[in-house]
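Take a look at the structures listed below.
In what comes next, chain A is part of two complexes: it sits with chain B in the first one and with chain C in the second one.
== the complex of A and B ==
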């Protein structure tokens, strides 16, 4: 007979509920009887749709978290923020260019940053949010893009900022500018695409299409990797490419498609 | 010798030529400036409100980061950054209880005891390198230049953080003399350029710029030299004599020219090739519109 988890008390939308310890905030909300139709997505900490504001008993501070990634505590008082309002001036990536003041022109409020670091302290991804806003302020688009690369746009930073900066939108524009204008073109890629378009690989692809799922899996498991070049840059977006440490669980993918 | 370097946002966005020239000139003098690994805006303006501590967080964080990066001294080019950082440092030293409040507000992550030091590049040049060493490095003396040094406010005021006599400063003049230039003086050298009033009181700035440039011309100057990127913006873009504006250069750029460094390494536009030719003879330097910033 399995042991029952002890019940704790949390306050949700101004009402107390007894829920088992060890649940995530999201699971506790559902245990309490709510159905989440907003503010819930991947449940894996990646989609950024479940930002939550809460206080702890005996602590005057406001805390923030992703509801799917944080365990409920006794005495917790919480409220869901299904999204953080975001208004930005529209821009056309084909007409703007990556100048030193491009980010400042689109988001003049970044000049109001007082470097209090509240954004960084609230980021569930552990990103140096204030540092990428500061990089944006001084026109270092590349650094802003790389430092904000793992942003999931949950908006918690923006909900806490005393200067009302829209951090995640600034990072998004920085990454767009970086991707479109600053990253180097890969001549090998263009060559390979041209070769595919002229039909150089059609015979091999046709042959693959005739294979069974088992044969495909066997081929997949026997695949080889190019040795990844050693890179000094810890922020390199390509550092993990060509690595045998494939982050994708390919077995699952094959099961689904097979 | 290598010193930590704090650029500031304005240098990066609006005055990259000053940085380019400064780094080139310091290399030529055997001094390496290494940019802080991570830094934030200095806070721009020193807050005079005694209870507005959040306005001191940015400069205090610069010092805290400097110490985290294993440094005690940092040099800056921007007069505004210098002034804001130096005044925040005074607060840290005189009112440690305010640092305690900032520390508490930051969730205990921002901890600074006031023991770091901010220096302006002009202090390094004057007090560490020395005018004699600068003079010795000159390859192409600026004999034909008549230079009007413009100081503005932030280098000099308030007195406690100013790096020179607030009424009769000499550092830029001494530097220009060391480069072989003739120094032209005037009582408007230390008057405020109008600063941020350029945003909403353009006439005020235009009048001040007109008075300063008129005095420089009347006293025979053919170039204005300064240090502050904000003064540079006002003086270079608000002269009302298009096509015949008095050139406005950073002292680092003139040092580079005197050291014989290529103009391209000093952030000087192509048009200044003319100016370079003029260096040995230089009678027509006045007519050369060197600063094209206004047309950007």
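== the complex of A and C ==
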């Protein structure tokens, strides 16, 4: 069933290469003979280390993409950006307080936003980048935090911004302020941590540590399960996992493989 | 190649057969296997039991341990530097060296500062960028027994059973006991966990857990954790050198680890680091592509830390067990190997062969399910081939909306839906192609509960360390693992550094290792650590000339 993909022409850093259609930009660059050191990271769209600029034939625009998440096209002319330089002032999250002007104080350049929307158009995650910068400017930390949450810090927005804003750093501070000061602390957590620190759970753990392998196995098999509403679903993965059928008896497997 | 709605014509023909059988399959699920059937299938088709896939280590502290050839090759390889390397000029003289800038390394460096070390006397060095790691890619969540209905003891039992009782109990104890403390630390750092209006965490169950204790930050739990930790490390002024992996550890005259040799990947300059204590946090091994499997792992996951530690005599544990996740994406190519969450099957999507037939119960344990997919493709020839010559089985995703109502996929699996949509595939209408993918290094460098290895001055934390998960890790315990043991190793190494001045640097262990290779009869030109996998095209490599410039 396998068929040979047709070759297309990609212009990489000014040189033409013939590469199979259907490859990602990253795979095409490697196919052409480049061993990537910079410009490749998780290869799955999470780490932001492969920002790429390109033009298409017959189109005047500069396009932006993650090299690992985008397919190569015939006539594409591209270059990878190793990274976007970033210098920020250090801060101590424990001593700053979230005021309406906190983000503006730390990142005064956001006042220069001309609302051109280039950041939003360039974001490979499809985030409303300009909207969270505008929210930051207004002191709406919550909105800035929520709108920027899916940011992978690739920095493409900052490379394209006429006001030199460090969008992804602004979003990060907004989210940390939101997580630390604006959402409530978990009510049970402090109590649980205090109980652990005073040794309330030690005896129970000590007892488990002294059990023989057979005793431990039997305690495991006698566990009770918390029944969640969704576990009543006959198709629930966790319901199956929590059955007596799992795990496979590894001792037997070891004996066979040994 | 004709593509319609994301799939080429040849795959469309198979999709038509999937659609033809769909209504008859609704409500009819392939029966689960008996324990005997599972065992037979594992032995015949699970990669860990594949005949000829492993060989025993011939020398050193792990002599006799059966390892996949790809991993054994790294141990049976020559060091990248000779023992005669000039060590006289010390480029960085520090209290603590942290090798690896992922989750574990960043946590370790932060806690070493909290334990009293001067941040300027710490050095974090990493192969790619700070934060480029498997930690960033983790989606699901982090376990911690922090609700009144739950307890560390309950978590302990779940971890031990999930690991088939092969775990080191004192490590598991540390893991479960520190978990709530870690979550509280994250809360103070401003991490955005999913919470309800009153501040309670939204906690879900996970595979193998008896209580709901999975804390998450949407589908981006690892990303959120890593970017906050990195920001905290930067604010503390901890120096990080990027694109500079360690290629060899350094010892002193007493055999204690005392620093490392780094290589600048761009200039190929080496740097000498002298350190009073050293922590290895280099992560896993997915990019070795054991038995040619694709992987969910990061580009730099090439097991460097295992090689470095073995050269100085550190003890290894449980490296024979590797975790393969049954559902990695097999199509399109740009998603190959990426994780498709178990939740898709949990919501009712059935695995199917090229004829649209069921061949396995959808929710067998991970290793069994993966083996059944492999058997369908390899032995029975009923897989579906992609234009890139990968093979996979269908996961009939549209069933989810048919069972639970329209909109369920977009509601319950938004990240998955978006990812496929990016490449022109609508998983609410079409099935998706999956195949097992290399996911996690269960074992690693053996340590005590403070991260100390068997070699003085050397600590390890995160995926590179072994023992806590035994032969099988549960979901939600790896993000926890790197926080718990990163923190413990950071504090223990800081204490060690205060009491042990750095000695005279030596590479005598490299000469000793070369001698062991020779004595074991291993003659090779292979070198290790591997640093990065090579994906260059064959056509390009065929005409590659290694000329001086």
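Note that the second predicted complex is superposed on the first by the 189 of 258 C-alpha atoms of A that agree within 3 Å, B and C clash if a C-alpha of one lies under 4 Å from a C-alpha of the other, contacts with A are read in each partner's own complex, and residues count from 1 in each chain.
Note that a contact is a pair of C-beta atoms (placed from the backbone, for glycine too) under 8 Å apart; a residue touches a chain by one contact, two chains touch by 3 or more.
Values in this document were obtained by computation on a predicted structure and should not be read as measured data.
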item: Contacts of A:68 with chain B and chain C, given as first, second, both or neither; value: second
item: Which superposed partner A:56 touches (first chain B, second chain C, both, neither); value: neither
item: Residue contacts with chain A in the superposition, chain B compared against chain C; value: C
item: First, second, both or neither for A:100, with chain B first and chain C second; value: first
item: First (chain B), second (chain C), both or neither touched by A:178; value: second
item: Intersection of the chain A residues that touch chain B with those that touch chain C; value: none
item: Residues on chain A engaged by chain B in the complex (per definition of touch); value: 100-101, 104, 113-117, 121, 128, 130-131, 134, 137-140, 162
item: Parts of chain A lying in touch with chain C, wherever the complex brings them together; value: 1-3, 5-6, 19, 21-24, 27, 30-38, 40-47, 49, 68-71, 83, 88, 90-94, 145, 149-150, 152-153, 172, 175-181, 183-190, 192-193, 196-197, 201, 204-205, 208-209, 213, 216-217, 219-220, 223-226, 228, 231, 235-238, 240-242, 245-253, 256-257
item: Residues of chain C defined as touching chain A within the complex; value: 1, 8, 10, 32, 35, 38-39, 42-43, 48-49, 128-129, 131-134, 136-137, 145-154, 156-158, 160-162, 164-166, 169-170, 173, 176-177, 180-181, 183-184, 187-193, 195, 197-201, 204-212, 218, 220, 222-224, 227-228, 231-232, 234-237, 243, 265-266, 296, 298-300, 332-335, 338, 342-343, 345-348, 362-363, 365, 367-368, 385, 387-389, 403, 419, 422-423, 471-472, 532, 534-537, 539-541, 544
item: Parts of chain B lying in touch with chain A, wherever the complex brings them together; value: 7-9, 12-14, 16, 38-41, 43, 54-55, 57-58, 61, 105-107, 109-110
